Amino acid sequence: MKPVLSPQAAADLIPDGATIMVGGFMGVGSPNRLIDAIATSQRTGLTLIANDTAMPEKGIGKLVSAGCIKTCIVSHIGLNPETQQLMNNGTLEVRLVPQGTLVEQIRSAGVGLGGVLTKTGLGTEVATGKQIVCVDDQNYLLEPPLRADVALIAARQADYFGNLEYALTAQNFNPIMALAADTVICEADHIVPVGMISPDAVRTPGVLVDHLLKRPS
Amino acid sequence: MDAKTSIAQRVAKEVRPGTLVNLGIGLPSLVAQYTGENQGIFFQAENGVIGLGDPPPTGMEDRDLTDAGGGYITAIPGAAAIDSATSFGLIRGGHIDLTVLGGLQVDGRGLLANWKIPGKFVPGMGGAMDLVTGARKVIVAMTHTAKGVSKIVPQCTYPITSSRSVDLIVTERAVIQPTAHGLVLLEYAETTSIEEVISMTEADLIIPSNVKVIER
Amino acid sequence: MKPVLSPQAAADLIPDGATIMVGGFMGVGSPNRLIDAIATSQRTGLTLIANDTAMPEKGIGKLVSAGCIKTCIVSHIGLNPETQQLMNNGTLEVRLVPQGTLVEQIRSAGVGLGGVLTKTGLGTEVATGKQIVCVDDQNYLLEPPLRADVALIAARQADYFGNLEYALTAQNFNPIMALAADTVICEADHIVPVGMISPDAVRTPGVLVDHLLKRPS
Amino acid sequence: MDAKTSIAQRVAKEVRPGTLVNLGIGLPSLVAQYTGENQGIFFQAENGVIGLGDPPPTGMEDRDLTDAGGGYITAIPGAAAIDSATSFGLIRGGHIDLTVLGGLQVDGRGLLANWKIPGKFVPGMGGAMDLVTGARKVIVAMTHTAKGVSKIVPQCTYPITSSRSVDLIVTERAVIQPTAHGLVLLEYAETTSIEEVISMTEADLIIPSNVKVIER
């Protein structure tokens, strides 16, 4: 059985300056109550690893709006003018990574690999200063693993052991991030007793999940 | 017909039955409306679904079923939901038959720039770098000019998206194929002329003897 | 809709000397009717990529018994004395690969990566003659991608578009192999009309599957 | 009590509540019988299940639910079925708290050999190389000798499984901990003596003052 935390207690697990991963894609499939608690707690100096910064005041965008983020490692900020603005005035460091590379960097950390060998980014600005590795006469860009202190993920349904099921496009980065953080906190829409999720339906094994978020009363 | 519609209609003719197709957000996403039904075409949204369907009826949107732009979608029978690692595994692994993307610039070598205007607007590459590098065929669907300035240039001044050349450029005025010898004009719109296309294109164009009028 | 083939027609897609991947783990989750058809067709000179060679006359073991295999790339042959014997008398070349490396080599080919960076095998016989890559001051062994001409996989249930569901430990290498071959043939216990499998239950998207095996009449 | 049972009983005391444990095929798989129930221990079979249960009742075996040795198993409530990439992702990624493996030899540096006897028998490494390299804690469970010859040797003569040293060696006669200074004898069986353990062990042993009798 995994501890079931209040949003505030979960936010308290994240110190200022921590590196966090947050699931979601343009606000879909993000752990919104966890995000609200972190924003309300006024955390500062966080490094954010996520697909995008969503929109202002939506999903991960709230962490940007609340000034929690010092550095973000993301693939897209085009729908969040606030992120653009903070980047331009030097308040927020933005490291842009191709989306497929980003998710594999997270996976490689989570599954104990030394990084990603990809053709994506070769010959572009993204390759600047990076190691090139030749395999079978083909060049690949080497991108290192990416880990976090805490991963904040969202799921459609959990059991109390932490086994997770996702729904449709709310899946996105969530199952991959569950592999790659020291502490994994999951906010699920539903929590059911252990045994209620078929072993074949589990997308994230409960052994990866440290804490569940308490459901709203 | 507006420029976007005419571009989307022409691109739709490039979509083959029984293929897996990724459409970028914005203009490219319109292409799906003009491909025939029942051709076994599966559209991928890189945020995690294979088998996009029509937009949902009002009031029947699902917050957990969206496209890569965050817009509500539906899915067809036979659709599959996948995580981002699988989604980009399909893209990088050569499993996508065709991707249609927007562009800021395409140059004489067929290189695309579509993720950054230095000092002005930096949306980020999202999935574009993986798509251009990994899809079997890449079509750029964009207006021919932006504020009167040609988007087809001798050499990209914005950062490129991939070192892989795109396969086709479709604008409201022309269909252009990048080749080892340069950009070849394949078709021009009936509302324009070859001469006008040449004058509105900053990059050099090769004009073969059999240039056709665009059929939509 | 995907073509539904007889076992013989499926076997005919595999020429002598081809490289094949076959799903299964010690005989569990292998496409047994496909294997029978290949063995009966007396294919020769095949390169086999699989987790193991099962037991004599069981699952993949039948391909060894029938003399179809020239080279096998596997992690374990301990339960198949025939494989041992053919290896010892020089009839069968056996390349042993750590199981986690093998599955990642297949995945890396399937998802367009340049290979695998792993600590597994470092400092052992497995590392002989291989490239070492240093990432963040850590050494990793570089293992190249592994592709096949044809992947022969098994599933619990398919729809006629080729979407697949697996059951319990019959899953193993099957979904990974579906990514990494020019032609993918799936033998499913059940084939249901398109639309009968929930998008969230699909483990292998149908776009990866080229042919289904006809059900026994 | 036979050697295998006594080894399995002693190893079981190393299994902590609430952990994820991988047991190798053969002798190590017996360990599960001696860990207490309701301690939240999850056993992984690397062929694709987390949460192994008791053996199935006769006639209720499922051909699609087996352990890594191909034997029929059941699964407990809360079990998860995973593919081989995920299974070894957990193993290599440090998510397995403990693995218990058999051994052909362990040497004075704590290096294990368990996949190949050159020229004689070559089972292959299966998942062992990943497990020894990736699990947080590695215990070797094996008989002290094979045909009267010590399996604990100064330096492995068979090919090693990993360059990572194992954390503990449990035999029917002794519990031995590899350290930077050498192999330390922690415990010996009540049916034997420290002197006998030393004489049956080809590698040098460090004998601290507080060596204990094995509790089972």
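In order of appearance the chains are A, B, C and D, and numbering begins at 1 in each one.
By definition in this document, a contact is a pair of C-beta atoms (placed from the backbone, for glycine too) under 8 Å apart; a residue touches a chain by one contact, two chains touch by 3 or more.
All of these numbers come straight from a predicted model, not from anything done at the bench.
Asks: Tell me which of C-D and B-C has more C-beta pairs in contact.
Replies: Looking at contacts between chains, C-D has the larger number.
Asks: As a quick test, compute the distance in whole Å between the mean CA positions of chain C and chain D.
Replies: 28
Asks: How many angstrom between the C-alpha centroids of chain D and chain A?
Replies: Those two chain centres are 35 Å apart.
Asks: Using mean C-alpha positions as chain centres, tell me how far chain A is from chain C in Å, no decimals.
Replies: Inter-chain centre distance comes to 32 Å.
Asks: Check each residue of chain B and list the ones that touch at least two other chains.
Replies: 49, 75, 81-82, 85, 88-89, 91-92, 134
Asks: Among all residues of chain C, which ones touch two or more of the remaining chains?
Replies: Correct list: 104, 107, 111-113, 118-119, 166-168, 199-200.
Asks: Line, ring, star, complete or other: which one describes how these chains touch?
Replies: Contact pattern: none of line, ring, star or complete.
Asks: Go ahead and list every pair of chains that touch.
Replies: A-B, A-C, A-D, B-C, C-D
Asks: Considering the complex alone, what residue numbers of chain D touch chain C?
Replies: 45-49, 62-70, 75, 81-85, 88-89, 91-92, 115-116, 121-130, 133-134, 159-163
Asks: Going by the contact rule at the top, pick out the chain B residues touching chain C in the complex.
Replies: My answer: residues 20, 40, 42, 49-51, 75, 77-82, 85-86, 88-95, 134.
Asks: Please give the residue numbers of chain C that touch chain A in the complex, ascending.
Replies: Touch list, chain C to chain A: 104, 108, 111-119, 131, 133, 135-136, 138, 140, 142, 144-145, 165-168, 199-201.
Asks: Tell me, which parts of chain C touch chain D in their complex?
Replies: 25-29, 51-52, 55, 74-79, 84, 87, 94, 96, 98-101, 103-104, 107, 118-126, 156, 166-176, 203
Asks: For chain A, which residues count as touching chain D in their complex?
Replies: These residues of chain A touch chain D: 1, 107, 109-113, 159, 161, 163, 179, 194-195, 199-200, 202, 205-208.
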